[in-house]
Amino acid sequence: MIAATGLGKTFGATLVLEDVTLDVPAGQCLAVLGPNGAGKTTLLRILATLARPSAGTLRIDGVDAVREPDAVRARIGMVAHGSHVYEDLTALENLRFWAAMGGLDASLARLRERLQAVELDIVADERARTFSAGMKRRLGLARVTLGQPRLLLLDEPFNGLDRRGQKWLGEFLLAFKAGGGTIVLATHGFASALAVADRAAILVGGRIALDRAAAGLEREALHRLYDDLIEAER
Amino acid sequence: MPHRPLVGALGWLALLALLAGLGMAFGYAPREAVQGNVQRIMYVHVPAVLTAYLAFGLVLVGSIGYLATARMGWDRLAAAAAELGVLFTGITIASGSIWGKPTWGTWWTWDARLTSTAILFLVYVGYLLLRAMVEEPERRGRFAAVVGIVGAANIPIVHFSVKWWRALHQPSTILGPEPSPIAAPIALALLVNWVAFTLLFGYFLTRRVEIARLEDAALQGAVRAR
Amino acid sequence: MSGYARRVGIVLWKDLLVERRTKESLNALLFFGLLLLFLFQFSLGPDRAQVESVLPGLLWLGFVLAGLLGLGRSFLAERDNDCWEGLLLTPGDKSAIYLGKLAANLCVMGAVELVILALFGLFFDVDLSRALPGLAVVLPLGTLGLATVGTLFAAVTAQVRARELLFPVLLLPVQVPVLLATVSATQVALAGQPLADARAWLQLLAAADLVYLVIGLLTFEFVLEA
């Protein structure tokens, strides 16, 4: 699904990513861990075609993402810090806007169904301004799954969610995977990440310091590996 | 990038041409009957405005080139040309003003050329200001290119609107070159000065683009060294 | 409905919906227009004949100033709500977003201008009835010239430092020639003269509008991607 080779990104004089190579097969979930400033967000943005890599190649679902970003965009969805939610519109109106912008089915039935899937149907006609961070995140997920994307990119999706919210998100992502979808998520939360991830990669100083299967990886073991790598970088 | 000796030669040629132009402006060209010696400033004023237009044309070329190819070289060209354009526009306005004072009694007159030039000055100063406010090179280049294209498209619109507006509000008192037909010595002096200015512009432009290129390369080098 | 038209429509729908709900821009602009009229009245003094000649200029000064405020906010919602990237990720020709925004801006500006015009007629005791057919042509053309560039530059400056300063600095010089044309044409309209008298100006305006619109459509995606 994702084939990235030697990705690099430079902002002016700062090297943010260096020689990042990833291979994520369809139907799998990759968790990208790392300290602040390691380049997680930049990597996700490049995968989402929101930023162009300064070096390397990237193929998503067989398409060259750098040369044909538009072809890739139809198949992916990204939920990041910015919620892409218009605060003065209701949940339903937000979905209607994004559905129409994406050239998708914007019928009331479809929109309500999506809101139901993220448990926001009760507040369908409330303005997004009144939503909590978690609700906005869920609205973002509803928006992003309108078009049945094949790849979900999530930047710190568990942030600010309470226990119940985290559990719900985990189930949502597992269901997405079960439907054949691929996920890449950047996170700080080891436990939640391990619950959904098939592979874990640790990004330190813009480089991949670790990339292995998550199966059988205990949280403590991962913690130790993580701390060691941070120490080594220093 | 052109070889050092070539660029150096261009610089010397420009200097020679300038000296020749200066000589012609003061020695060869006749003293104008009505306005006196102050009219000689035209030999600076007219070539300056022509060079400014050349510069702004290059800004357009660089802007389109950058949007089309995303190669930084085009953006460097646009930026350097804009800087020089602002410089030569400034010279045009200043020389026009100096000409105007003894001739018409005021430092400023809403003459068609002066007005158009002043508007363009403001447009491209804005362009440079925008560049100063954006740090990331790719972004800066793209934003600047869009503004550069709008600025260039504005030029013919400025030309016509100011000309017609002038015709409406004031009888034409153009700080024009001279009453026609143009006397041969005056035309020759003008031509030499114009060529000199163009050569000088070319020299400055090449130098400026080279400096920009070196700056970018140094930045890349610093990145790689980390 | 074709995908492109659908996207233009939904952007227009969203902007008008937000505007109707919050009434932020509309209220502020209307009040601002009112304040301007007061200022003009008091700073120009009661001498009727003196005011008469500058009326077209005043009217458009008011429109431009209101436009600066209103247009500058075009992409505020996108920036505040972090929707910029969401728009970038939508498939298809991004110029649809520009067109939708432009349409929404025209609606808001149009409403504001009509109210200011009415108040204008009231305050300065101008008989608008004979001017209306002429104004019905000049106003849209002039507003289009303002809004096409204004919407584009609003997108450029939305995420740049010193946005509030840079937006007018970039927009105003480019607007000067458009202003010359609109004020001249408005003068003809206000005097009740047939519009054919201002034909050249109107043609220039229409040409400028077309050029700016095309540039906006072609370059918007580069601004979005930046």
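Every chain is named by a letter (A, B and C) in the order it is written, and numbering of its residues begins at 1.
The rule we apply is simple: a residue touches a chain if its C-beta (ideal position, glycine included) is under 8 Å from a C-beta of that chain, and two chains touch if they have at least 3 such contacts.
Small disclaimer: the values here were computed from a predicted structure and weren't measured.
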Distance-maximising chain from chain B - centres being C-alpha averages: A
Most central chain, Cα average position: C
Top chain pair, ranked by number of contacting C-beta pairs: B-C
Rounded Å distance, chain B centre to chain C centre (Cα mean): 31
Chain centre separation (chain A, chain B; CA means) in Å: 50
Separation of chain A from chain C, taking each centre as the mean of its C-alpha atoms, in whole Å: 40
Multi-chain contact residues (two or more partners), chain A: none
Junction residues of chain B - those touching two or more other chains: 138
Touching two or more other chains - residues of chain C: none
Contact set on chain C toward chain B in their complex: 149, 152-153, 156-157, 160-162, 166, 169-170, 172-174, 176-178, 180-181, 184, 200-201, 204, 207-208, 211-212, 215, 219, 222-223, 225-226
Chain C-facing residues of chain B, complex: 67, 119-120, 122-123, 126-127, 129-130, 133-134, 138-139, 142-143, 145-147, 149-151, 153-154, 157-158, 160-162, 164-165, 168
Of chain A, residues touching chain B in the complex: 10-15, 52
Residue ranges of chain B touching chain A (in the complex, touch as defined): 135-138, 219-220, 222-223, 226
List of chain A residues in touch with chain C within their complex: 48-50, 70, 73-74, 76, 78, 80-89, 93, 96-98, 100-103, 143
